[in-house]
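Take a look at the structures listed below.
Here come two complexes built around chain A, the first alongside chain B, the second alongside chain C.
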Partner chain A sequence: MKGGGWAVQQSENKKTLLQKLQEIDPKWIYLIQLIVISYPLLYPLGLPLGTISSETRGLYGAIDALPEGSIVFHAVCMGPAAAAECQPSLEAILKHDLEKGHKLIFYTDQAPGIPYIEQAMQNVLGASKDHPDYGKLYVNIGYIPQTYTGFSAFAADLFFTGSDVYGNDLRSMEFFKDLPTKTASDFDFGITYGSGNFQWIITYLSDPWGVTCGGGIAAGIAAEAYPFYPQKTPGFLVGLRGGAEYEVLIGKPGYAAAGMDAQSLAHLSIIIMVLIGNVAFLLSKMQGGMQKT
Partner chain B sequence: MSIINSELLRRYLPWGIAAFLIILTMADTVVIEPTINSLASSALQSSTVVGAFVVIISVLLISRIHVRRVSRKRTVIESSVLLISMWGTLVWGFFRLFGAGVGPTSDTTILNIFDMIVSPGDSTVFAILAFFIASAAYRAFRARNLDSAILLVVAILCMLAKAPIGETIFGLGIVKLTDFVLNVANTAGRRVFLMAMILATIALTIRIILGYERGWMGRATE
Partner chain C sequence: MSALESLVVLGAAGMTLALLSYLWRENLFFRIAEHAYMGTAIAYGALLSADAALRILQPHLQKGEYIWLLTVVLGILYLFFFAKQYFFLYRYPTAIVMATGIGVSLARGVKTNLLDQARITTLVTDVSSALIAVGVICGIFYFYATMEPKGPLKAVSSVGRWFLMAAFGAQIGLHVMARTSLIIGRIRFLFFEPPANYMIPVAIIMLLIGIFMDYRKKQP
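This part shows the complex of A and B:
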């Protein structure tokens, strides 16, 4: 065993810098990431946000153009994993809705989405079920199981669940009294949040009911939304950056804008590490080729 | 052969129900006829109720699996924690609902469980991904051939452009380049996938209606 250990030690010593760089212990990478993400959160660098994307401008423009009293449907289809990215987008859009005097209706396709609706209502409206305008301007339908079929049933009959998330009777609410069809076609705009499929709101709300839809989606699924833009959707917010852009557009920088420095440095550090790894890989490959010749 | 095991109940009845529901739902989207629309709406509502019952079955199945593990002294701690947490929350929820008339969305204990355990736990698991991705990208993301080199360059471009620092360092050009990648190259590729997926769904639906596709009944396709 001793001889084997000595041989391994010798082979470790013979490793070139390029080899060592390629086989770096992951704990050093974790440490670098920890520093790079934590530092700007504790001490903001104030990097400029840059040009606001056309997708964000599109969504902002569409919501801004809605007349007062328009009904905006918010599908908060996110759990804790996506909330860090999408909750700031939800709150920024709600602030805009509030400014414009829109009526809001909330729904989620997953049980963990309910507390995020509550949180957003508390943070932006100041209250949820105890709000004086709850039932008149705001309604929280809550969780309906079976994503697509559940939503389709709700879209065909807004009273499908009978009561809201707090157990209040939907039929007695002032919110629904003047709605002509009591179906999803009464909505003026729909927005989905989360890391689920952006396509569903287009397929099950926009196309069958003629409701213009957007999204506040996780960056990981952003590529799925682009095929629908700009023909099927006026715009969407991509990850935390989208939220930050929206906060800037409404003139209320918040949590998303504060997270941009950390995201910038995290991206940059990953890119630098990938480049170092690749340079080491290519150089060692070239050295190997030269030794063979 | 009893009627429960008969071919009629095992094969033809599920197929007939599925075919009827598919045709009904499809008709609902193209026909404005009150009876059909109302029937289709009822079918969708029923499926949501069925979905809620599936949750009950899931809870029972998970419980059975973990009770077995505990009784066989495998993963005793993990399974016990899961069972106690799940049933504790469930029993407390029912107790508050039927005892005090407080629903789970208003009950502070249930909300605290979510705020203090579920949410931080799930967020932590998701946040750890940043570290894993960084480590995996450093050690495995190599330009070994032309394909991986293209992937590498595009990934770096998108990462730079989607964080403010990219534009700060390289100017607006990098943003425009990334917009081109996402709006043209990505959209073209994604639309191909979408079309293929839709055509496959239509084909699968026709096969179910005609009775050729029986995998969903728990039997192999003929």
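This part shows the complex of A and C:
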């Protein structure tokens, strides 16, 4: 038993650097990532953001062009898994809406989405249900289950739920008084946030009701959004970077922009580790080939 | 910040660190946090779903449209999932929800995701759109299995494979960005939202104790 252990120990010692590099314990990689991400958060480096993407510019331009009083529909379809990426985008767009004097209506297809709407309203508008303009300029419909069927019913009749998330009667709200059709076609713009999917807002709001739509989406689903750009959507924000770009465009760098140093360094460290792993693999393969010959 | 709010933040920080402790290895704290998270999320979701259902139902009942109570009956039928003898009753609401969902999705989805996408893909206006068109066509041919890939078909399908690999690479890059954003959010919370930062030294001490105990176990 002891002899076997000794033999294993000897073979461990004989491992070349190239072999060791390919067998690093993932815990060390987690530790490196933790340090690389934490350092710029504690001591910001101020790395440049680079060129702002055309998707972000497109969304900014579309919202900026909306006249005062336009109704912007915010579908906050996100839970905790996407909030770290999408909440900064939501708040940046709300700040822009506020500047332009847009009317805002909030909805979510996920139960955990409600606190994120509340948080965004608190952070940007200063209050949610207690805001003096709540019911006039802002309405929070809240959670409607079933994205496709639930939203389709709501789009066909904005009073489908009867009351908002706080239990206030929608029909008595000033927000809805001047709306001509009381359907989704009264919206001037729609934006979805989250990691669910992007295509639903094009399929269920943009196409049937003729509302221009964009998104503040999680990076993981960005590939789903690109097929619709630029023909069906003027633009969308991709992950934290999209939020950071939007913050720069509205001239209010905030949460997302501050996180980009960590984001950039984390990517750099991953690229370096991928390169090291691949180079080590190729070199050890070449060495193995040379030894055989 | 009130004492209750401080407790909530400390609890959230503790949960975050307990879940992150999985990176070291599975342990009791991780399991407690995992089960607490699942339980809370499901309870929260169930309550809000019930609230939303009541909100939607209320105006119809006030108008005397009692036919809407059928939806409540259908909802209750879901509970027969747990009764072996009456399990068949569970199938009725499931069938209705699935059929409605498929009906709504097909009616809208075919136009937006198939017909319009096919039209947009063939609209070549610049280099990007030309690349998309070539990528889509070659990518489809990669999965064409009716004929053996030979000659030009083989060339087209291998171009498709390159496009697919590029797409997967981009997807992985985007996922890395998404996951990094999550950890940035948590680290920020732990560092900058007092009193969450008080939990960091506690977690470090507990981790060191755990590592030391693991080391002692390994000793002969």
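Going forward, the second predicted complex is superposed on the first by the 293 of 293 C-alpha atoms of A that agree within 3 Å, B and C clash if a C-alpha of one lies under 4 Å from a C-alpha of the other, contacts with A are read in each partner's own complex, and residues count from 1 in each chain.
One rule holds in what follows: contacts are C-beta pairs under 8 Å (C-beta built on N, C-alpha and C of every residue); 3 or more make two chains touch, one makes a residue touch a chain.
Computed from a predicted model, the values in this text were never measured in an experiment.
By the touch criterion stated above, A:38 is placed in contact with chain C alone, chain B being left untouched. In the superposition on chain A, no contact is made by A:286 with either chain B or chain C. Once chain A of one complex is fitted onto chain A of the other, the partner contacts of A:232 are limited to chain C, with no touch recorded for chain B.
Contact with both chain B and chain C is seen for A:81 once the two complexes are overlaid on the shared chain. In the superposed model, A:47 lies in contact with chain B only, and not with chain C.
In the overlay built on the shared chain, the residue A:266 is in contact with chain B and with chain C. Of the two partner chains, chain C is the only one touched by A:162; chain B is not. By the touch criterion defined above, A:142 lies against chain B and chain C together after alignment on the C-alpha atoms of chain A. In the superposition on chain A, contact is made by A:278 with chain B only, not with chain C. In the superposition on chain A, chain A positions 30, 33-34, 37, 81, 83-84, 112, 114, 142, 144-146, 149, 152, 160, 167, 199, 208, 219, 222-223, 227, 238-239, 241, 263, 266-267, 270 are in contact with chain B in one complex as well as with chain C in the other. Residue ranges of chain A in contact with chain C, taken from their complex: 27, 30, 33-34, 37-38, 41-42, 81, 83-85, 111-112, 114, 142-146, 148-149, 152, 159-163, 167, 195, 199, 202-204, 207-208, 218-220, 222-223, 227-228, 231-232, 238-241, 259, 262-263, 266-267, 270.
Here chain C touches chain A in the complex through residues 23-24, 41, 44-45, 48-49, 51-53, 55-56, 58-59, 97, 100-101, 104-105, 108-109, 111-113, 116-117, 120-121, 123, 132, 167, 170-171, 173-178, 180-188, 191-192, going by the rule given at the top.
Those residues of chain B whose C-beta lies close enough to touch chain A in the complex are 29, 37, 40-41, 44-45, 47-48, 50-52, 55, 103, 105-106, 111, 114-115, 118-123, 125-127, 130-131, 133-135, 137-139, 141-143, 152, 155-156, 159-160, 162-168, 172, 175, 179, 182-183, 186-187, 190-191, 194.
Partner chain B is touched in their complex by these residues of chain A: 22-24, 26, 29-30, 32-34, 37, 47-51, 53-54, 79-84, 112, 114-115, 118, 129, 142, 144-146, 149-150, 152-153, 156-157, 160, 165-167, 199, 208, 219, 222-224, 226-227, 229, 238-239, 241, 260, 263-271, 273-278, 281-282.
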